[in-house]
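The two complexes that follow have subunit A in common; it is paired with subunit B in the first and with subunit C in the second.
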Partner chain A sequence: MHTSYVLRRLLQIIPLFLAVMVLVFTLVHLIPGDPVSTLLGDRATPDIVARANKELGLDKPLLVQFGLFVNQLLHGNLGESINLKIPVLRLIGERLPVTLFLTVYAAVLGVAMAVPLAMLAAVRRNTWVDAVIRAVFQVGLSLPVFYVALQLLTLLGARLGWFPIGGYGENFGEHLFHLFLPALTLGLNLAAILVRTLRNSIIEVLTAEYVDFARAKGLRGSVIMTRHVLRNALIATVTLLGLNIGALIGGAVITETVFAIPGVGRLMVDAIFGRDYPVIQGLTLMFALIVSLVFLATDLIHARLDPRAELS
Partner chain B sequence: MNVKRMSRIALSLAAALTVGQAFAATRGGQMTFGRYADSLFLDPVLNDANLDIWILTNLYDTLLQPTADGKGVQPGLASAYSLSKDGKTVSLTLRSGIKFADGSPITAADVKWSLDRARNPDNGAWVGLVGSIASVAASGNKVTVTLKKPDPSIIPALATFNTGIMPQKLFNAAPGKNDAEKAKAFAEKPIGSGPFVLSEWKRGSYMVLKRNPYYWKMGEDKKALPYLDTLRFEIIPDDNTRILKLQAGELQGAEFIPLSRVAELKKDPKINMVLFPSTKVNDIIMNNRPKLKDGSANPLSDVRVRQALNYAVNRDALIQLVTFGTGKPMKSFMSSGTPLFDPAQKGFNYDPDKAKALLKAAGFEKGLEVTSMATSGSADDQALLTALQQMWGAVGIKLKIEQLDAATKTARYRANDFQMRTGAWTDDIADPSEITGYYAVNGDTEAAHTGFTDPAIEKLFIQSQQETDKTKRAAQYRQIQTLYAAASPTIFLFETPYAVALLNNVKGFNQIPLGNNIFEATWLAK
Partner chain C sequence: MTAPLLKVRDLNVRIPTPGGVLHAVRGVNFDLMPGEMLGLVGESGSGKSVTLRSLIRLHRPPIQMTGTVEYGGKNLLDSSESKLRDVRGGRISMIFQEPMSALNPVLTVGEQIGENLREHKGLRGKAAQDRAAELLDLTGIPSPRARLADYPHQFSGGMRQRAMIAIALASEPQLLLADEPTTALDVTIQDQILRLLLRLREEMHMSVILVTHDLGVVAQTCDRVAVMYGGRLVETAGVNDLFHAPKHAYTLGLMRSLPGAGEHRRPLQPIPGGPPDLRSLPPGCPFAPRCEYVTDDCRVGEPPLLEVAPGRFSACVHYSELPALKSTPEEVGV
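This part shows the complex of A and B:
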């Protein structure tokens, strides 16, 4: 049953993909500007721009260009970056792992902060502990990401020298080290969102009859907490986490810029400003694919945690 | 040994030591330099952006080189050059023993091939800079460039990035069916003739250049340049992060320091905050046509209104507000760092009364409304136009600001669909013809898309393009600048420097007014 469900969900990605393809192609070609005159600025003569557009096939009717784009795609080719002159697939291959590393890292840190603190806040609800935890994350949530990023960089990077100021590093250990501050920045934001929901869910579950029953059975507090309370309380949080991971991948732009991380977020911004059509198209399709897969994974995990959830 | 002799020896010894110290450039080491964005395409001929242009000559040397002040030309791969009396033939002698970064010799054939590639009309945006070349001949160590007509800008053109010398054999050995494809493959790991050679490039993250052991130029210690073993570019788009990284010592230099941070960094005892003179002018481009794109009447077609707008600008105040005291007022449409800039040009003083009188004479004593496009997200544009709103408001001109992203703004003004826009220009070649051809001449780009045209300027420009007598050409350019200022097709604002912050131990780095970052003689003091 699960296999057929997964297959069906994967097939559903195809129409989504097509819709995104049409949408992004139309949008990028509708906005004014072209890559060559944007790069050259004042020095672009009409002649130079016309010649470049011809070489790039941008002088062809939009429908023809779309046909060529789809044809390329069917051959597993996302085209070539106009500004960087290298294949979009290669670019994505170089940059995507960086963003994924950062996203997973941020999610791990976020969950690692959120779960124990939400439990503590729930168990000690309406005490000063609860108040402090909630207040700190409320403030964290309302601070802009770039501000948090810059403060972390200034304090932990420049002033104390504990962490490198930006960059990505060259091996797994260095990645962990270099990406700690950006992952913490994103993780704090994520934790702030998760703590609220998780705390409320835990409180709700703690007052449920089956928890009383478990206590009456004489189960240890830690067993009740992990097996009964947390598992049930996590259900809503997992969905929230899934939704936010999608946002994290697309929204890592500011963090990637402040921390000088060569990920896809920055690539996308550069591509949009430079009107690098193939890169914008390729990245959007990739984002759509990843977000679909994350949502699918979220539903599967949800189903696992909550056997009542029907996968249909 | 008598005392006199001893003291003489001591003196000469002391002198030798002092001299020795003055020339004691330390060799070796790595310099890490923070750039705000990565290069795109390392091909001297086919690139499109300053991100490439400003570092390209570190990889590809040219026959001639710009001088350190960016105004003149000095020998490069060619040890000698001369222009024939009729101004139609350039004869160059290649240095003996020059080699590419892989150790293979740089031959006259490579030079011919490189110049032919640079002037191939199918190749990129810079063909116009060498458009006067009719043919290039090579034999032995002699290269002869024959021109279609006399061209006073040919000498600086041979010192400009797009005439960088490339290895013909290696380029042709790169995979690909045609020049464009080969260029893409070659530019990923180019072997050039410059002081450095690309060793590693992680796009968007960093670029490592190694010392080219075969570079011809000698350092002060009479050994081959460059002094540095390694030059590493780190890409750090955020200004604050780039500065923090420099202050933490993770970088030895950082480019594009926001002018708002210059004063603070000047006070930092670890940092040498340098403002390199540039050819950058910041102006407002006006649509001079009688009607705007939407058909409405355009008051800016009246020269008196354009002059009034210029007189109503308080440049000293703008320089404080927008450039934090680092800029200087524009006196001509070209920067004071451009060759043949006329120092007698006065530009516009701040005279609101004169502005009001001009507006009255033009029939706008009750005021008028104008709209300027600004680049969204640009703090400089925001500060500039807000200040202009106040200055112009005082003489009865209401300024509306339209925020657009850079690409949209470019598309709009290229279609002449604008009334005003913020503009800036930096020269690519040490010659006034590039900026003049763009700003003052109604050619391909319709005088910076202003639509402005003046038959006298057109005539003078054509003459100046063939005038090989320097004094006569300077006189022509003086006239062009005077006529342009009187017609005021644009609003002169200010010139701004290149702000580069270096750690104190970095010596010998130069960014010339054209923007080229010169690392060949850079060294790190112990």
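This part shows the complex of A and C:
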């Protein structure tokens, strides 16, 4: 449908990419320490260090290094991990599906919790039901993700033994099982954000005149709630969801570390500790790309839900 | 004599507000005959729209509705939700003042007609599509089939009101409740919509209750008029009788505040003061504080609506002293 719009948005990613490239390259080289001394330790002799630096091209001036990086990138190559000796692209290919699985899983759980509870809170607004739902999620919102993760891990994982305390599993069913606690952690956080907004938009929509018109048409309550109320109330929520899925992917760094999940978040943490420049750069670019695509998808879905929205 | 289609008895609507309970409709009684077009007029806050909405129990808690609205031998105010839904939108339809806010912005006009056809006529798919296009055509929307896929915001104001009428008429109702359907439209479009309502009433043998604050609209369209003031009916009469000889001081005031047309041009005489506060009404006639005919008798108790001439009801102590007017519905209507 909006082909030219989509094309334009995709082209906009290019300047964003350039900016991210410069930024991440600069930041990475500003971090104190370097890959060689991290790899070889304190006792390496200066000439071993120098040889390693030469081998990795780290002895060249920064500008030259940047040029090489850009040149590589233009050839579709993100370089090779210094510590793992594996092409960064292959690393991403192995680890990204895990993170995406976790993100989608968390989003599904979050929405599945948020929508019915927001509806309930809105319909029973200003009663104790509403108060309890809002209070619980208000607390959930103020608890840091790593704390919730550790609590769930201790209670449902270690003490009760209902869920594994880490890992990813081998097949779809095992993925669902292994990633349940981390997805729940992220999902709760997401639901807390969504419930508030969705509850308020449902309450607002309920007072709209088209809801009275729908009632005057003799439609049953469930039809009015889903077709007329929820569809309108979701418009604002979809944008919020899109923004937060971006944050969710970034948040994977914490969750994947706590739950020992082999995703890109963990990879990023390891790469930063090991000063693995190519991996850090490659992952940052990948995050930028994914977030841009998620935002684009959000705008397209928003336009589908709201026929009045103009894509421009 | 034929039986009335709708019998309203002692209708009361109470709206709780932070400043106390607002008694918006206070013991309204009227009958509506099959095929009749009744105008319900009054100024803002007189309770006319609130009355109309309570006829199909559209108010939601905490708003309270009591009394009876008898339709088809049943009181709609205490029938079950499922029985009520058959009548609502089925036998009795309603159109609203502002089609832009009464039509759902995210559903196409076709979908919004289709809902009604499915709920009340059991039509789906192709049959529903065909019927929906027919309805748009009936209400005078050009190239109806193509417009089914359009959203409300793609229609002009007048077209939107036509579309809303098409939605309301999808179930072929016996009674159409019209809540100020032309107020939001400019005068030429207003005229077209009124003509459309008159034509559809003939073709579909419907009764219509038309709520309006515009006596011109009433003159142009209605058979009978019910005038509301302060949550009560203060006068009901045939439209000609009402315009020739109002039998309530408030109605007379309304007539005098209308601009005349052509040679009959005369200075406007506005009614002094404002509508009463329904949270704290004085004893006696609610219009008394603004009335030029007021005497002590008016302040004793609230005058009941009595038959003062065949087919004419008034709640005015001084109905017999009021002067006849030269105005005719035709003159007011244009």
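Definition applied: the second predicted complex is superposed on the first by the 311 of 312 C-alpha atoms of A that agree within 3 Å, B and C clash if a C-alpha of one lies under 4 Å from a C-alpha of the other, contacts with A are read in each partner's own complex, and residues count from 1 in each chain.
Keep this in mind: a contact is a pair of C-beta atoms (placed from the backbone, for glycine too) under 8 Å apart; a residue touches a chain by one contact, two chains touch by 3 or more.
This one's a predicted model, so the numbers in the text were calculated from it and none came from an experiment.
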{"item": "Room on subunit A for both subunit B and subunit C (clash or fit)", "value": "fit"}
{"item": "Which superposed partner A:18 touches (first subunit B, second subunit C, both, neither)", "value": "neither"}
{"item": "Which of subunit B and subunit C A:308 touches, first, second, both or neither", "value": "second"}
{"item": "Vertex subunit A angle, Cα centres of subunit C and subunit B, expressed to the nearest 10 degrees", "value": "160"}
{"item": "Contacts of A:176 with subunit B and subunit C, given as first, second, both or neither", "value": "neither"}
{"item": "Partner chain in contact with A:135 - subunit B first, subunit C second, else both or neither", "value": "neither"}
{"item": "Comparing the two partners subunit B and subunit C, which touches a greater set of residues in subunit A", "value": "B"}
{"item": "Contacts of A:165 with subunit B and subunit C, given as first, second, both or neither", "value": "first"}
{"item": "Partner chain(s) touched by A:231 [first = subunit B, second = subunit C, both, neither]", "value": "second"}
{"item": "Touching partner for A:48 - first (subunit B), second (subunit C), both, neither", "value": "first"}
{"item": "Minimum Cα separation, subunit C to subunit B, after superposition on A (Å)", "value": "47"}
{"item": "Set intersection of subunit A contacts, subunit C complex versus subunit B complex", "value": "none"}
{"item": "Interfacial residue positions of subunit A with respect to subunit C in the complex", "value": "208-210, 212-220, 223, 227-228, 231-232, 235, 305-308"}
{"item": "Contact set on subunit B toward subunit A in their complex", "value": "37, 40-41, 48-49, 122, 124-125, 128, 180, 184, 187-188, 202-205, 234-238, 240-241, 244-245, 247-248, 250, 405-408, 410-412, 414, 423, 425, 428, 438, 444-445, 448"}
{"item": "List of subunit C residues in touch with subunit A within their complex", "value": "53, 56, 58, 84-90, 93-94, 96, 98, 101-107, 115-116, 119-120, 151, 153, 164, 167-168, 171"}
{"item": "Subunit A - residues contacting subunit B, complex", "value": "31-34, 36-49, 51-52, 55, 83-86, 91, 94-95, 150, 153-154, 157-158, 161, 164-168, 257-260, 262, 266-267, 270, 273-275"}
